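A, B, C and D label the chains in the order they appear, each numbered from 1.
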């Protein structure tokens, strides 16, 4: 493929927040031609009706029905959980390659779907065919993949920040505590009392003190033996911040060593920044600084004279946690520069 | 009635925000016994399920159905618009006295319901029997009233701040511009896309640049000839702030005169504060300072060497704009001290 | 003292947020007469200039200098840390009894001041004379106390929620992880870049991932051997939410047992509510629901088939975490009903 | 200049919000090489210390002192008001061309500086040499300009939305009322009590009910005879929303006519969008939708059967209102495509 040819891309389920974010990013991708975007509910309407930030960019694009789709080089599935797995055959015919943004092909072991989603997976043979979309960990496989499944937003943040520590076996893998603070956009665009503004505004709500499904992804990816994950919905639209606590196996490990480990794993990764400053306000990662970007910012602190390690990490759940992760994977799959269309730096102040 | 006897009170439509606020205020009223609270949708459930701030105060109260109601000394109707007017007979039998919080009996001329609500009012003969609940203007009539209809929240703020100016005929009554900034709780507790947190959060949305229904109330109460009202939904849960602009008829009028006029009208009113400071941060009214209170704070500024007047006023839409106004009216109707159960001062910082 | 006599009260350091909150609460206390309020910086100004919510309540009160103070029945010290300890003699002469809201007399062991505050305490002999202000734990001593020292705001929330669990020895006291989410008012009323609105707004900032000073109070009060406390400044003005994680010693303990333990300790306490619902939005404690109130709401969850316990608790840092705690202690010290002037229920929606 | 040559650019006053936004935009401009950035206060520090969103983009850039500056092709002055005018000679030597972001050269008549800024302008002969930076109105002159002065943020929004209406003489130019809602970043990055988070958060503060300085710019640019501008600081970091009210001279003018007028003036302008929808949530302009972008979104409504017109417009004060306007002007001055480095679409949801 020469350097100016465009690939054709279609999106199934384009009216949600993940779909809108895909459209935003892809609309400025020089190697992508957006062919079709489906929406059952909004068929026939302009995409800018639901994604008002795209006015002036995608004015002529309208949602179509799935029946109007023809085969694309790449098909994005941006559907609610449990949809893609049940219509897989149809989608296999509509995309030379497929990137799924839902949870439907994230877990490799079908039993885990029984445990965490209370369903029997209808297409277990496909679970291993979908490569996890975390480019920092699975980059080489993604380059060759036909099917990619993006990691969950909370899982993305937790996995990327803990992966090097667990791989290097420097922390106790039975004693990992993560407190995740999550913005309202992670709940999708369907109104409900829980997200009604007077109820959700100013809220700090423990909506999943135990039993968060992303636990399964974390354990699968990191091979840790345990994760104690608590999730709190906080006053924020976009973003996830995790505050992780763990125990170093060895008291000799210092912050310089940690920096080196992260550099070894992520030194060449364009979307990981290690944030640990001695001055200024922004010494550790903060979600508002990465809003709109594809960054995963990671910081850490070791308590003086102890084996206690605190890990702080943040992403924009709709970008690195969903649509940006997907486009980054697409860039790898089609041999485009990895950062294409993902160059936004984020805003400050905001 | 001696000084410790309690009246019995019931609330029809107690699961909404107005109903919850009535319960909050009445639960600390020493002369009120809450008898029943109805909710079609939540019948049988504890009121604290919907009003979590009342845990520990009204733990044993449950929503009942309208059929379970028996006659009370006072019946509050806290229903969506167009409900009370259609079931009026039933309610007339359930309350010795009635206070309606909806728009159903606010306008005295049935034609205004055709114009602003596109309906033919089913009980026009009752329109004049309901006294407007603004104690600062209709106090003496409320004391003797059997039926009271509370003013709309935006109307309350605009009327109270402009009434003395129009009554004293010091401003041009054809050239009044009001820009109203309104919190999300004014839209009620039913989820919708417009109030879905990711959409409504951080929003400054011109939802009614023209055609706001409260215009009718303002004109009725003040006898002004015109009002140009624009309403913007802003990032706030509770509260209304109006910024009004008007033209003084006479260039001789100064801010001292205005202060005197307001004092003449409201000097004895416990819930009107004139806010106009030369120092400090809070020189003019601000909605967060009145949140939870029954105050209407009013400020003003005259542009130097001009006839231009700016009026700034604020209320908590759920208190002075709804439930607090109702309880204040109740206090007058039953000859209780006017401020009973409405003493909350508001919080700072907040 | 008969039932209507008033005590005289003065406040040293009345221009800050704790001082303002004391004034708000005391202004409606039927047994208290506010005598004087000092402020070095704002001497001579009206208290309502800094506390605008008190307009109409304390209009005639002005800040005075410390030199103008004469002896009161009770002196509140609402100063920044390290002030009260250095001027103690002066204050001892100005109050029959004293309640200190700072950190100056919280730790009983002078070495702890060296460790956590890097100072040699100037009056170590007074450390044990000050009784901790947590009424739920030290009620009987407070009743007889001459000097009371209020617990820190974060400490209050963590101690109250973990105290029964540690006292009953049902959790491992070496493995307690607390993630504290803290509003901006906890940083006081002095402007700084860290609290400049464009920087602080929307912020989720790990300002103390390790080394939080309130660790010392927690360990002192609960006798736990370790606490891993991380603090995040969040987008909120008032309030603290803690998400604690701990390990039960015994797999047999269920949530019913926990409820019983909390009931045993706090069943008669008017300001502790156990919040654990199966329905509705507010199943666990949330800071906005307690804003303005003196409640400490406590909830919990045990992960199915595990020894993992999550504890969730919240307070308003300026009320139960500071001024409300102080007034509750005052009520005990002077034999007033414990809840006097602390009856505010909180608002919903907010 | 061929299509890949870069111009050299320096920024005087790069530590503020305007400076940071310039750096953000310029760091992705393919035709610009950032040479130096000055800051008196932060000399020697990394620019990312103050602008954390630029980590990974401008890691090696440090603030220098003005004395270290050598001549650039273009000099941006991003200083507080009244600085550039007093050091003009120095700056004239440091930039082949100059773009000033302050108010120092906005008003053409030196008497207006006396009236609105209470100063005698030190270099009145330069006032007419600085061309106003609003490309939509002064594009041809900017292309040839050596010196450009960017319009104020509030003025930009008001002028762009009213200019065509006044130029076409369809509204009464003595009766224009504008209510401006303004985010906290417009006040700059210096901490003060007014912007202290607990005070400013949730604030709707009439900080300038009359006497707003941008009135002078509006009158100068539009030749209107009067403007009644009231400004309210609202709960927002970035953004300005204006709600304007005016009277049409002719009752025959309908919304279709207005659309045509705006199209005639701005149809070819890449950064003006006319927002007036019949469906969806975003029927009129909203500041959050333009955050981070260079758009000025303009909408309008005519009240049925009346001459009343409401105009609604929004910009990001730091982009179209400051740094984006400056870069757009730079693009014109150096014959780059007008939209270069200003392509960001904005985010939704946000």
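Methods note: a contact is a pair of C-beta atoms (placed from the backbone, for glycine too) under 8 Å apart; a residue touches a chain by one contact, two chains touch by 3 or more.
Because the structure is a prediction, the values reported are computed rather than measured.
Engineer: Let me check something: if the centre of a chain is the mean of its CA atoms, which chain is farthest from subunit A?
Structural biologist: B
Engineer: Taking shared residue numbers divided by all residue numbers at the interface, is the value for subunit A and subunit B over half (same) or under half (different)?
Structural biologist: Here the answer is same, because the shared fraction of interface numbers exceeds one half.
Engineer: Which pair, C-D or A-C, has more C-beta contacts?
Structural biologist: A-C
Engineer: Rounded to a whole Å, what is the gap between the Cα centroids of subunit A and subunit C?
Structural biologist: 39
Engineer: Distance from the CA centroid of subunit C to that of subunit D, rounded to the nearest Å?
Structural biologist: Here subunit C and subunit D have centroids separated by 46 Å.
Engineer: Indicate the residues of subunit D shared as contacts by at least two other chains.
Structural biologist: Only 17, 185, 189, 193, 198-199, 202, 237, 281-282, 286, 349-350 qualify.
Engineer: In their complex, what parts of subunit D are in touch with subunit C?
Structural biologist: Interface residues on subunit D, with respect to subunit C: 17, 183-185, 189-193, 195-202, 237.
Engineer: Report the residues of subunit D in contact with subunit A in the complex, numbered from low to high.
Structural biologist: Contact set of subunit D toward subunit A: 17, 20, 24, 27-28, 45, 49-57, 185, 189, 237-238, 270, 273, 275, 277, 279-282, 286, 289, 291-292, 295, 343-350.
Engineer: Within the complex, which stretch of subunit C touches subunit A?
Structural biologist: Within the complex, subunit C touches subunit A at residues 175, 177, 179, 181, 193-194, 198-199, 202-206, 209-211, 228, 230, 232, 234-236, 239, 241, 243, 245, 281-288, 299, 301-304, 308, 310, 312, 314, 349-350.
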